[in-house]
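Before we start, here is the structure in question, set down as structure tokens.
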Amino acid sequence: DKDTIILASTTSTQNSGLFDHILPKFEEASGTKVNVVAVGTGAALKLARNGDADVLMVHHKKSEEQFVTDGYGVERFDLMHNDFVIIGPESDEANLSQMKSVTDALKAIVLSNKIFVSRGDDSGTHKREIELWQLANIAEDQKNTKWYREAGAGMGATLNVAIGMNAYTLTDRATWVSFKNKQSHKILFEGDPNLFNQYGIILVNPEKFPHIKAQAGQKFIDWMLSKQGQKAIASYKLEGQQLFTPDAISGDLSN
Amino acid sequence: MNDIWEALLKAVSLVLTLDTDLLEIVGLSLQLSLTAVGISLLIGLPLAALLALTKFPGRKILIVATNVFMGLPPVVVGLIVYVILSRSGPLGVLGLLFTPTAMVIAQVILVIPIVTAISRQVLEDYHQEYDELLTSLGVSKMRRISALLWDARFALTTAGLAGFGRAASEVGAVMIVGGNIDHLTRVMTTAIALESRKGDLVMALALGIVLITLALGINLAAYLITETAKRRYAA
Amino acid sequence: MNDIWEALLKAVSLVLTLDTDLLEIVGLSLQLSLTAVGISLLIGLPLAALLALTKFPGRKILIVATNVFMGLPPVVVGLIVYVILSRSGPLGVLGLLFTPTAMVIAQVILVIPIVTAISRQVLEDYHQEYDELLTSLGVSKMRRISALLWDARFALTTAGLAGFGRAASEVGAVMIVGGNIDHLTRVMTTAIALESRKGDLVMALALGIVLITLALGINLAAYLITETAKRRYAA
Amino acid sequence: MSFSTKSIMPLTLENISYLAGHKKLLKNISCQFEAGNRYVILGPNGAGKSLLLRMCHGLIQPSEGQVRWHDTSRKDAAKYQAMVSQRTVMLRRSAYGNIDFALKARNIHKSARPDIIDRVIKRTGLGRVINEPARVLSLGEQQRLAIARAWALSPQVLFLDEPTASLDPPATHAIEELIQEISAEGTTVIMTSHDLGQSKRLATDAIFMFRGHLKEMAPAEQFFTQPTNDLAQAFINGELIWWQRRPDSDQAQATCTTLETEK
Amino acid sequence: MSFSTKSIMPLTLENISYLAGHKKLLKNISCQFEAGNRYVILGPNGAGKSLLLRMCHGLIQPSEGQVRWHDTSRKDAAKYQAMVSQRTVMLRRSAYGNIDFALKARNIHKSARPDIIDRVIKRTGLGRVINEPARVLSLGEQQRLAIARAWALSPQVLFLDEPTASLDPPATHAIEELIQEISAEGTTVIMTSHDLGQSKRLATDAIFMFRGHLKEMAPAEQFFTQPTNDLAQAFINGELIWWQRRPDSDQAQATCTTLETEK
């Protein structure tokens, strides 16, 4: 019906529980229901390109901008960010926790002969990971299956693999904090500016697809970018940690 | 291993507390699977009978095809149904994507081959015995099909149960065409996949246990009914 | 809809160029599925025969159980095998997780029920005819099982093919216990799931088409062999 | 019993042969069956009697030659025939349900069926078991049920493959009387029998088969008193001519009668 | 043929009954079968003859009462018996394979089997079809194969349920001779037959059954000349005493003989 929109998003936002926290607030405020279809970043973009979603919310700026340029999206807005972290076994044989920069950390993994599990699925996280390897000057041909394993899966599944293999991996903080199967793994490296992770939100272009519920979709985007929405994002905490930092409005959200 | 015991406890507590979310998901799962199996039986059984008892050009090809299609990867079926139901696809105007209907369509595609292949095998063995009698009596093709299906009905429950098993356990296709939308298209298997992605293995296993228990209930009912009826009809 | 035509073209070109990555994946898929079906037949057929022809306490429960287990959700099976094989699990020391062996184990668990349930149904019908003769001849239980399996071998191919279908098409379990690791545990279905995650529907569908073509080849071979043999033995 | 006025007889076999694999099981048989007669086909086990009946009835197709009904296609002729096969096949229904199904298949109206069923059931002595599942009946009861089922269809031609093989003597006697009666109403009966006494009592015409050949076809009186074929003669005399393995050729006819039976 | 010295005879039935559902199909039967005799069980279709044979042979279990072999458990006794059932069942193998399988089941050594098979095949006239799939054989050939298969096992007790029902007359004669021979070697034969002539030729003892009751068991000579049971008398005279539906009680015995056969 008219008051339902489909939001194509990534598994990381869904798995973290963010939507369960903010969507009820929006639905209460607007009377519009948001149905979340959480898939890989690539698949989410494809869904939106086919006109099967009204609003797109992913975290790969380049693809998002391309999406708008190609005429599929109306306009892209920065919505929020969090950061990537490297997790690994508590024993930390590669000594990641001592490293100063993310490039040092990655080199340390290679030197230690420990296993690194890559998403390997062309997702936003995976693309960032590739950029980081380049920054660390680790060439493609140095990555062999002895230590570099492409899981070809979503974040959660990749975490399950890394934990099962006693290996390192790159993940976004939100997914990690909300992840339940941590066993003896923990965050070993964080805080490098290169680990910044930006989420954007886009309304699918109703000129391209007449059936798009532009009005309701715009209402959702407006709300998300509004003080109310941004506050809702900021207030989502898990285990005492804030998982996403809203960044659509500069300044204080407290009133 | 502890996870498995924890999961068992969790499953019991989920069921005992009659968790409303769980009830909703279980209800949808059951409804979709049973609908899909029902439709698949309506199509698959006559098709199986046709394959078992008539010789027509293309019959052998169809037999091999049903066997092949038993191995249709759910993800592929999901993608094909997606492509067709997508707004930019031929049936996009119907707006069926991400609805329970789309999920039933995908499941029907997955279930028909298995129902047809198993039934065909059973019916072929029955038909070998009946063929000459039915020909001698001059039974029309339609009545021949219905007679065979009727007489083999107890043996055919296995086909129905295999079909139900496939429909209820499948995740790849319903995930794609349903979208695993909370309160709308979330079923047991997609919920399990979600929990496993979240790393909540205990919850995932608990849901799995609930699902299997459900299947157990249905199978038990089917078994008891057919066994009783079998005895009555000495079939 | 265009996607589907594109995928067909892509599939043809993939096969024609003999893409080495594809060959590797296809090879592993075939190897794992056939191994899993082989093991499942070794276990499932005698079990089915036992269920079809002997009356022992717990038989009915086992029959219902095999029917129920036909509906085991692959994700759940994957999780259980994961929990058992994981480092902290009871069999963690074997280091089998994320190896092809783990994938075969998961597939065997998925395939045994379907092989057993279908075979049981077929064998029951055969046994009804043979029972008194075999009893009269004083045939031992072991030989009875082997005789029934032998005489019903053509009818049992359906069970084997259904098992192969399940093994070759399943993704949920092998994804979890195999990890879909490139060059190590990536098979056709996990590759398809990956491409679909990436949004590359054309590639995903193309791989699906290749997989189905593969299954077609195996089914065709099985069909031709049994049909020829059937005619020879007039069975 | 009333027939539609159209008659499908005579039935003509034109040089038919039947092959299974590379074996020729029926060999160049030509003959004609006339309306109203009672034909009894005789011959040793494996001679091809059942195959010939099934061929006439349309259950198997000739590999060579033609099966022709008067003025009627084989397909149309089918609904004027009925058959009791040697190995009875019972549907997984009650005895009553088996006959009812057969009548339904011939489009006999629901209201007419109970009377017909009642009559054939009484006449074949199945009253006590009419509501039992047909497949648990004793073999003799099943054979009676098969006869009842075929007779209920009021066929113009009735094929009977050893219809009394499993019947008790009084039942055999009663079925023989029934066959006479059915025949008297105009139905052509084509049957096999291993009971020479029965054959003599029932046959108006006798046919002798041997290894796929139709060796002799003659009026019963003539056949049973002086068969022209020496194999037929040996058979009637109870000689075990076909017992030993021997080349399967037409010369067999010339040499076989000189064989002794093996003890 | 040589037997192990241990004899499982006599066979004793102690007040056995057999129920299927709520129907009592065998009713309080007590009797004893002695070694070396040839018992022929007579009675109308559906009397319970086949059930009785199957009960003796251990294929069905008594609902009440006991089946006892001399000094041997029922299970052990099984391997000294063989049976030809009324509806032949053929394994999906060649005729040869069917006999070979039976011998294998009795643990007869591979090297000994071909000779045994050759002998029984020759004697039952199956030489021509020995390599054919057993299930395409004509019914008569199948019945001969079933006899060959049972005989090959050299049983102490041989159960035959209408063994010649589908055989041609010379074959019937040959099988009767075979039965006499087998019996002469000490084998106990317990058979049913609807052929009164055959029964008189073969039986040393006759048994008459009616509606699940064993009505009479007597030496053959006495039974066929002056049966004490009036139903048995009527049966031998070919009267259709059980044709009509009638209350299934023991009083039937008193009233039935006065019935006329329905025409």
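Letters A, B, C, D and E mark the chains in the order given here, with residues in each chain numbered from 1 onward.
Assume contacts are C-beta pairs under 8 Å (C-beta built on N, C-alpha and C of every residue); 3 or more make two chains touch, one makes a residue touch a chain.
Keep in mind the model is a prediction, meaning the values are calculated, not measured.
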Which number of steps is the smallest that gets you from subunit A over to subunit D via touching chains?
2
Chains in simultaneous contact with subunit A and subunit B
C
Do subunit D and subunit E face each other with the same patch, meaning over half of the contact numbers show up on both, or with different patches?
same
Farthest chain from subunit E by C-alpha centroid distance is chain A
For the chain pair with the highest number of C-beta contact pairs, give its two chain identifiers.
B-C
Report the inter-centroid distance (CA atoms only) between subunit C and subunit E in whole Å.
47
How far is the middle of subunit D from the middle of subunit E, if each middle is the mean of its Cα atoms, in Å?
27
Measuring from the mean C-alpha position of subunit A to the mean C-alpha position of subunit C, what distance in angstrom results?
36
Two or more other chains touching the same residue: where does that happen in subunit D?
136
Two or more other chains touching the same residue: where does that happen in subunit A?
154, 157, 160
Set of subunit C residues in contact with two or more other chains
82, 176, 193, 196, 201
Contacts from subunit B onto subunit D in the complex sit at residues 129-130, 132-140, 143, 147, 151, 233-235
Sites on subunit C touched by subunit B in the complex:
1, 3-4, 60, 63-64, 67-76, 78-80, 82-84, 89-90, 113-114, 117-118, 120-122, 124-126, 155, 158, 161-162, 164-166, 168-172, 176, 188-189, 192-193, 196, 201, 204-205, 208, 211-212, 215-216, 219-220, 222-223
Enumerate the contact residues on subunit E facing subunit D in the complex.
20, 43-46, 49-50, 86-87, 122-123, 125, 127-129, 136-141, 144, 162, 165-174, 177, 194, 196, 235, 238-245, 248, 261-263
Under the definition above, what is the set of subunit A residues touching subunit B in their complex?
6, 11, 14-15, 20, 35-38, 50-52, 154-157, 159-160, 178-182, 209, 211
Considering only the defined contacts, which subunit B positions touch subunit A in the complex?
86-89, 92, 95, 97-98, 179-182, 184, 194, 196-203
